[in-house]
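Shared between the two complexes below is chain A, which pairs with chain B and chain C, respectively.
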Partner chain A sequence: MAGLLQGEVLLPEQLADLMGLEGPLGVAVGALLGAFIVGNIMLAMTGVAGPWAKRKITAAFTDRFAVNRIGPFGLFIIVADSVRLLGKELIIPSNADRPSYDLAPIVLPASALLGFAVIPMGDLGPLNIHLADPEAGLALVFAFASIASIALVMGGYASNNKYSLMGGLRAVAQNIAYEIPLIVTAMSVVIFAGSLQMSTIVAEQGATLVSLGGIDIPAWYAFVNPFAFVLFLVANMAEIGRNPFDIPEAPTEIVAGYQTEYSSVYFVLFYLGEFLHIFLGGAIMATIFLGGPAGPVLPGFVWFVIKIWAFFLFTQWARSALPRVRIDQLIEIGWKGMLVLSFANLVLTAIIVGVIA
Partner chain B sequence: MSIELPETAGVTEQSPEELEALLDELVIGRDDHLNAPGYVIKPDTVVESLRRLRDDAGFDHLSCVTAQEYDDRYESIYHLKKFDDPTQEVSIVVPADKENPVSQSANAVFRTADWHEREAYDLVGIEYDEHPNLKRILLPDTWQGHPLGQSYDQDQPQVVPLREHKNPLLEDQRAASESETMYLNIGPHHPATHGVLHVKAVLDGEQVVDLEPDIGYLHRCEEQMCQNSTYRYQIMPYPDRWDYISAGLLNEWAYARVAEDMADIEVPEYAQVIRTMGAELCRMAAHFLALGTFALDIYGDFTAIFMYSIRDRERVQNILEDLTGQRLMFNYFRLGGVVWDLPEPREEFIENARDYLEELPTALEEYHDMMTANEILQLRTVDTGVLPPEVAKSYGATGPVARGSGIDYDLRRDDPYGYYDKLDWDVVVEDGCDNYSRLLVRMREVEQSAKIVEQCLDLLEDWPEDERTIQANVPRTIKPKDDTEIYRAVEGAKGELGIYIRADGTEKPARFKIRSPCFSNLQTLPEMSNGEYVPDAIASLGSLDIVLGEVDR
Partner chain C sequence: MSWIAIGALALVGVAIPLAMMVVSALLRPAVPEQGKKTTYESGEIPTGSGRIQLNIQYYMVALLFVVFDIETVMIFPWAVMYRSALEAGVPLSQALLPMLLFVGILVIGLVWAWRIGAVEWTKSLRATAQKTERQNT
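And then the complex of A and B:
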């Protein structure tokens, strides 16, 4: 199975082929169309996750019913909420720093959507949902994901509100403290795979790790190196700012952090951005630890969606169950705990791969 | 079977004569209250008198400061008690000149005098010399006159436009440019202030340098409303509205106790058992809400704990609804008893309550699993919001806040009323002095309350049918003798809830002063939070379990 995805035709070329276009024009049209499709799939998932799934999941954890009046299982709340949120007045604080105040809510979702460009999402029918496969794919996705913290600082600073400012500064402190362990842990995967290219990392995980009673357990890096998986999971939670590391928002302490002053469309954009980042975090985890779109019977894309929703479910579980740590404790865990552990993991992996294997 | 009384052997009790000898040359007269000897002293010897009483006689609890205006003078009364034995009480009465009411501040001896004297200044108009920060506390700074003073003009317009007053916004509120600190308004609109509380915070980065609670947003003139109502029926509904978070019956008991002691009403034993049961049910409901909201402050989201605590509180409220007909504003107590007996069929009521109590240990186990056993919660609460016992005493902290600081003080046992002294239960004390201890105290107090309710249910079930007297024979109007003064307290959900009443021979009180436990407890917030992080200050605020309705009255 190794190398199966490599060199495969990507979505833009497939679309260009389908439309019978060739040359640079065909690539450009195909790429735009592909990006439109992938972006909309992600936005649609966010739309389901934000107003509906999040409520339903939290309610299940906390012994409540949540939305159940509008439509089957309350699903039409998505429509009602969209109308409600978009119909609200857009209030802009009088001394807001205008260009950056307006840009921040656009930068946040955009950075997450960019990240999905290099994620291999598997097959859906004849289509291979994968927009681009650069050699430095993994580095690129981290780069895109960390643009988020710029958006948070922009929003926090430009709002001219002390709570927002504190939230923005917390976001930076948190991102710096957890980005390093996150990427160092991801490096241990790169050592296994021998490449930063997403398709190679996925393909390498297709090998059989061990065969149990006729069932092949694939060599997903979560099975190969569960320690790195857990480290990455924790760092990822902090990176996307979910409980117990949701201190940039911390409603009971700093009201809503960087998004305190945002309302209406801007608020929706921030909210979208946050959920997109959760899904992007899930997508990165699925790709480098859970075999990407691999899975039996169902099409690859379905498996991919299942995996990122599993991660979403996990974040909501943590939200319902874990208290928030304090900012100094968070930084301490990041610098004194996660960093050391992630480097230990990297060195050990390097020794095992380079010396023993 | 009965509860073990605390060791009072170490607490020497002084006779009124001994105290008079101790105060010696400071005393200029006697003005005894119903349950405490009262000594009149000169306005400039307050500190000296209180210091002698505290250091040489052991009166270490300044329970309350009452101020009032007479036809010929102003008067501040310092109600002193002992934490080791609150039945020993003494009142220090400080008259002040009618034209120029100035009195010495007790702040140097008892820190709790700070807020109490500010309130006296605000509402009555006595000025306190040497007070560190004498300004209005409940009313806005722009308020004209002192509403509980005799010469107060009710018709004077109070809405003063900013242009006629110093506009607080015109002044540059920014700290000097070289300053390293940041000023932050936490509240009155903030998700974690449990009501309309405004905390003025000075921060150094994320750390609290200074913190000042600003209260009064929910001031509803409860004292004056009680002064305008008759003892017999009209006052009783008001206490429900002080600590309105399910603690209604406990508050009603505060009034019932003081009025019954004043009018010499004997409450039938059967009614006492019902009162005890109802009050403990209220305490459970109040503590459940405290648990849930504290979890909310620490977790930051509506988690299962909040829902579970609301669920358990709901069941208590159902029982209370069966008993009183109401879910929040009970109005169930009457002077001399309660308004009606247990609902019929009695067996069903008792069975319902027992079912609930049976399931309670499992529910509490759940809380322990999810809260106290959670390592992140321990990380957040252990050794944060530390309140050493001496500081707590100086601020007059009572209830779970004091008991979480290792102060073994519970009026239900130490100054027995109702049926408590005949039942078997324990006072919960934790000596961690931190947020975690206060949480533990509340959780364990729920167990003890359940134990009390259980015993009450047994008693009620077996009570002979022809002896079920729910009310004593109380006259239709109550007119205590002129100039009768009394201060009495009960153990409310948040601590010592006391009431001072002065009668003037009519059927309405001449002065009705409420000593709110939350008012005193909230004063400790700066002590607990200074130097700590903002999240810890929020956690400390949650652990104080304040109800603004009771703080502001």
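And then the complex of A and C:
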């Protein structure tokens, strides 16, 4: 309700109004068009991130050149690579478990994309890029994000490859070890916000924390509770399977894990799903810790993009700088370290809020 | 209204991969050969099926996960209500203590699981033996 009280109109309604459609037709067309816009924004970002930015960033970190032949800064490699990858022959391993083998590359990107439905992406001109704002927004986004591990298990099992099977099982081990710290840490933020609704969480962060020399520092939960921010960052990296927690893929141990046997468009879809997940992780962090689309001067949407790209840059930095943990270390960090710390964080936050309030 | 938009994004989310599959099907060549279809096993001819029996190691951890996952679901409504309850004048002993007790019981469970070694990666006897051999030489 809070979102409605602030008079915030969501993207589907705005689109329906713009086209002058009313009633059920307006609702359906607005929702579909809005979903199409949000889906394509995220696809465009993964398109830039996957074939181009990832290579450029890794090259910069390791003092090498990366793609620089086609177009300005090598940007047209995005087009060249998409054509190259889509035009490759699709090789399906013998004895692959067919329905599951074909469904996994659909489920992974779809689950990641679905998470963006409840993320407030801020204003862009007259449009408010925010598809849906249900009261259980935060719970929903975690639910959607964790569908991904089903896709990884499906792909891993169906490939009829031992490395793939291990990769899928590792993905589950990782997911169950870090899901709970992730959500419990998010709960310590919900204590401050008093709501699971994304628009309310963002609005609550708009208050001023302190004023330093005339500049108002907003009450972003990263500033209010930096300990939770760091915990959430680590758990998030593990949840989306990025370095140093990328053991489901672990190229030096199990080739490429669950995606070993995937080629052509199926490989593209797996890759796409992974990048969408990085951006979804960044979007969750931006929304509940970094004030969502809030920021000075620039439009909200630009700030949102800057924040999720900052998270993407951070994952790539970790990829270049940190060694991968072993699977046994991963389980121990998750269950002995993160779980205990996240509960300590929750209890301490509750006590501090209780004593001050 | 919200749910229609979420459903629309689910449709788009499935339609985009399907569209990419269709485009790829139009573009790509198909030259089926038996040799291509073997699974990758470090360049060797694969031995047996890919669906092997292995110790997945985290059976106990998965059981723990179920317990803690339900706990987090229980924490959700409490976290949402907590501050407004305090502001409405509910004393701390009623708003916070039951939650601490609830978390405390589960922490005791975690301590027990920790002590019996459920949250540790089982080391195979052979690997341990080899490790001590290497250290001794």
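Just so we're on the same page, the second predicted complex is superposed on the first by the 350 of 357 C-alpha atoms of A that agree within 3 Å, B and C clash if a C-alpha of one lies under 4 Å from a C-alpha of the other, contacts with A are read in each partner's own complex, and residues count from 1 in each chain.
What we mean here is this: contacts are C-beta pairs under 8 Å (C-beta built on N, C-alpha and C of every residue); 3 or more make two chains touch, one makes a residue touch a chain.
Remember, predicted model here, so these are calculated numbers, not experimental data.
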{"item": "Touching partner for A:I352 - first (chain B), second (chain C), both, neither", "value": "neither"}
{"item": "Which superposed partner A:A143 touches (first chain B, second chain C, both, neither)", "value": "neither"}
{"item": "Chain B versus chain C as contact partner of A:S159, first or second or both or neither", "value": "second"}
{"item": "Contacts of A:D133 with chain B and chain C, given as first, second, both or neither", "value": "second"}
{"item": "Chain touching more of chain A, residue-wise (chain B, chain C)", "value": "C"}
{"item": "First (chain B), second (chain C), both or neither touched by A:E89", "value": "second"}
{"item": "Touched partner set for A:R64, first chain B, second chain C, both or neither", "value": "first"}
{"item": "Partner chain(s) touched by A:V255 [first = chain B, second = chain C, both, neither]", "value": "both"}
{"item": "First (chain B), second (chain C), both or neither touched by A:V302", "value": "neither"}
{"item": "Chain B versus chain C as contact partner of A:R324, first or second or both or neither", "value": "first"}
{"item": "Overlapping contact positions on chain A, where the chain C interface meets the chain B interface", "value": "162-163, 166, 255, 327-328"}
{"item": "Chain A contact footprint on chain C (complex, rising order)", "value": "1-14, 16-18, 20-21, 23-25, 27-31, 36-42, 46, 49-52, 54, 56-58, 61-62, 64-65, 68-69, 72, 75-76, 79-84, 86-87, 92, 95-96, 99-100, 103, 107, 110, 114, 119-121, 123"}
{"item": "Of chain A, residues touching chain B in the complex", "value": "58, 61-64, 162-163, 166, 243-244, 246, 250-255, 319-329"}
{"item": "In the complex, chain B residues that touch chain A", "value": "182, 184, 190-192, 206, 295-304, 306-308, 311, 370, 374, 376-377, 379-380, 533-536, 538"}
{"item": "Contact set on chain A toward chain C in their complex", "value": "10-13, 27-28, 31-32, 34-36, 38-39, 43, 83, 86-95, 105-106, 109-111, 113-114, 116-118, 131-134, 139-140, 157, 159-166, 169, 172-173, 176-177, 179-180, 183-184, 187-188, 190-192, 194-196, 255, 260-261, 264-265, 268-269, 272, 327-328, 331-332, 335-336, 339-340, 343, 346-347, 350-351, 353-355, 357"}
